[in-house]
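Got some structures for you, see below.
Next come two complexes built around subunit A: one with subunit B, the other with subunit C.
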Partner chain A sequence: MELTRKDRRIVTGVWLLSIIVLWELLSAFLLYVVQDNMASSKLPFPHDVLMTFISEWQTLLVAGIVTLSRAGLGFAIGGLIGIILAVIMSLSKVAEKIAFPYLIVSQMIPVLGLAPIIFNIVRDMNMSRIVIAAYITFFPVAVNMLSGFKSVEEEKKELMRSIAANRVDIYLKLMFPYSLPYLFTGLKIAAPMAVTASILVDMLGSKSGIGVKILYSLYSSSFDIFWASVFTSAFMGILSYNIVIFAERLMIPWKNVTTTKVGDK
Partner chain B sequence: MRERIMRFFWPISFGILLLLLWEFGVVHHLLDLKSFQLPVPSEIATSLFENYKQAFRDMFITVSGALIGLAIGSFLGFSIAVVATIFPKWGFGGMILVTALNAVPIVALSPIMNLWFRTGMLQKIGVVTVVCMAAMAINAYYGMNDLKPFSIDLMHSAAASRWLIFKKLRLPNCLPNVFTALRINIASSIIAAIISEYFATSTAGLGFGIKDNLRKAEMAMGWSYIVVASLAGVILYLFIVLVERDVIKWHASQR
Partner chain C sequence: MNVPELQIKNVSKTYTNNNGEEIHALTDVSLDIREGEFICLLGPSGCGKSTLLRIIADLLEPTTGQVSIHGLTPRETRLQQKYGIVFQQPVLYDWRNVRRNVCMPMEIIGVPKSERTARIDRMLDLVGLEKFGLKYPFELSGGMQQRVGIARALALEPEILLMDEPFSALDEFTREKLNEDLLAIWGKTKTTIIFVTHNIPESIFLSDRVVVLSPHPGRVSAVVDIDLPRPRTAALRESPEFYNYIAKIRHSFEGV
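And then the complex of A and B:
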């Protein structure tokens, strides 16, 4: 579309503002017209939630960082496993034939459903958090990376071979740079999921983290903290996605240039 | 023919090997686990066989909730994409918000839906709806607007109305993306339904079954629920893939 940057900002701003206003109206409707005595828990006023944010920002930040850092560790490990797996599958046809169907099936297994079982096996909150986040991350990374490797034209590989480049060189100088955009597609899918996994493990019986805060505030009926925690976890998901986008811009500076030139945007 | 046999031979033999290693304790030995922590496949199969009625009843509850949420959510998401395409300027901002919604963790939605809805079924449908809506809206919007260069110019040059452009160009163009979204949604709807059952007040469904059996230390039963959940996911996934193959035969990804 022919939207300028400024236009985009205005449009998004108006949207946000109108949603907040609508929310205020709905909360007021629930509280004063329907006279629902659960109104403040079902749909609190946005400004109330904001006030809670301001008064509780420290504990929320600490809890958020605990959850996010563990998600990040599992995310990094899972990403690494995914890349290694993709390299192995691109090197050996047999390995690909063995692994690929299982990759698809492993995606169908409700991984987050496995959370209590994994917790039962490793018996350690941090460990199971990392395992689950890694498990969730490796699939989209491996699949996307592999399709990146496969989309390298044969001519390019032949050119590398014709100048006597060895396998390591071909991977380092051709395959990896070429499939970076694919890798980031996978990472973008995985990042919010890793955060979700981390929060879920929080809820299943951890001692610290944002998930614990959500559950405890819910049990103790302190709904203002509950809503502030829910919003924090939503921000964490969005943040993780944006961190990946930021890393993508840093590592693939050429991508933005090409996408703005090609196509009708 | 040989090619086809080999295609199945490798993965299946690998799977059998893995099951055997698991059955005869090699996996336990490697990971330093006791058999009560990780039951062996034969135990899981027996407990599934003994309790299959209960397991399938729970599966039915979870899957029906997931499918209803999937249908509502996908419909809403598609409608959002259509509206955003009709009003490009304002629709763009709306899509940014939907993208943000996509990053909201399922586990955070679940308690909110608990507050809003009384029954476990409605709560489950609510969670699944929100999860599926975002993925469908993003993919469909992308498909409707990521057109081949000049195709829209061609439509304009033939004096096509906006409705005609939508019907003949945008709609067919977004079909592959819609199916991608459906495939994503099948997997995530079942996961979302199971997770919402962890926190729901209801006492039925796969999520409740997994949690309850683990609490009672019935590990084999918990695992058989996982098997049932995966089976449901795989069957639904295959169903979507088959429909997709039929509907978008013309697309490059199907050839």
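And then the complex of A and C:
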């Protein structure tokens, strides 16, 4: 049986509420029963975190935007590079055979190691964030887009051939629209990763950004701000994912409509 | 009698399979097709009927032999955009609604915008889908999707309409209905139709001539003129002449 929208809201509501209640109880347990004097750093009360959000929302927002905007820019650039790579590889088998091992190797270098190298080269925090976010994004986009291009049915291509369509038409009218769902699969994988990578770059010694907030508040034992920053970064990841989902709904309407068939007479 | 529109001369097609063996898909096929003729290529799987259709459409090249269409090669004909093709699957573009699916080839061959709309209206009317223009393919039944495919091919006003088992994925009732509708459409457009099928009654009901192909190697084993009056209706399927043709064609298969 399908859940109605109302049912689903109830499920989500109960979930959220249970987590908060459980969390309050655990925090209280740590503080009053175990009498751990680090309780506020290990697991602060959710209402305390909420209060920090209310008092600190401006600085958190600014820090979040600094990181998220660079991640977003890098994400867009990486996405574009990924698409271009996929097109090149789909046009030439040789190009694919040459490029693919490099792509795989590129993903074997951990971002943790790569970020300082990039920073050393470009010597600019913003640029490093953008480059790393793009670096994270291009691979899943290229691979998924290419597998989209490859799964276009032979007959769809034959139809194009039979009316002597040129390459540009074939890509614009067949390959790209067909592969959009694949592209979005890649983008959905990449979006939260790009955000995470940008936060990581923050921690390399930036002066602004949400990663800096996490790091400094931890060093200065301001645990309320630390937790609020951690939550902010989690929201950023969730937000980035949902923006991609939203764009997907807008751009691929034919995948989301309920399937009711009209029968032959 | 005038010059045939399409001449197939000694066409053979040989594949090499993965084991390095040669597979003779078609051996020495010759056939003349008149302008405006409805011709069926009939045969069991592996007789090379789809291969022959694809050679005519320039989607495959023959190993030996020639095909000429009014003196042009299949490639020249294809580049001049004179073919319309309907496949076994509807091959619709999911991201386009019915109207825009019918429109797609016209965008590519450069039919002026103002004319496209008029043609879409006319074609949807012809295939009986005038009320479904704004539906998406997944909202339609298999039979309706195939009608869209036919409308899309006809919208090009092709000189030659190539149909590769277009109704074989449909149930018998839908198939018979679409057979009748296709004849009505052909009566109005008078394009040459080359229709591939493995269904004997379907081939008799539709065509002026049935070309019977037999497998191993793929070759023409008979060409049967169908002298049944037109317009043909459902009642024809129960006539003794119709049954005679079925028997005659059954006997003409070799080595199935």
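Criterion: the second predicted complex is superposed on the first by the 255 of 265 C-alpha atoms of A that agree within 3 Å, B and C clash if a C-alpha of one lies under 4 Å from a C-alpha of the other, contacts with A are read in each partner's own complex, and residues count from 1 in each chain.
One rule holds in what follows: a contact is a pair of C-beta atoms (placed from the backbone, for glycine too) under 8 Å apart; a residue touches a chain by one contact, two chains touch by 3 or more.
Because the structure is predicted, anything quoted here is derived from the model rather than measured.
When both complexes are overlaid on chain A, the residue A:92 reaches neither subunit B nor subunit C. In the superposition on chain A, A:69 makes contact with neither subunit B nor subunit C. When the shared chain is aligned, subunit B comes close enough to touch A:241, but subunit C does not. Of the two partner chains placed by the overlay, only subunit B lies in contact with A:230; subunit C stays clear of it. Between subunit B and subunit C, B contacts the larger number of subunit A residues. Shared contact residues of subunit A, touching subunit B in one structure and subunit C in the other: 263-264.
Of all residues in subunit A, those touching subunit B in their complex are 1, 3, 7-8, 11-12, 14-16, 19, 38, 41-42, 94, 97-98, 100-102, 105, 107-114, 116-117, 120-121, 192, 195-196, 199-200, 203-204, 211, 214-215, 218, 226, 230, 233-234, 236-238, 240-241, 263-264.
Listing the residues of subunit C that touch subunit A in their complex gives 57-59, 78-81, 83-85, 87-89, 91, 93-95, 104-105, 107-109, 132, 135-136, 138-141, 143-144, 156, 162, 174, 177. The residues of subunit A lying in touch with subunit C in their complex are 153, 155-156, 158-165, 169, 173-174, 177-178, 180, 252, 254-255, 257, 259-264. Contact residues on subunit B toward subunit A in their complex (touch as defined above): 6-7, 10-11, 14-15, 31, 33, 37-38, 88-90, 92-94, 96-97, 100, 102-108, 111-112, 115-116, 146-147, 149, 152, 187, 190-191, 194-195, 198-199, 206-207, 210-211, 214, 219, 222-223, 226, 229-230, 233-234, 237.
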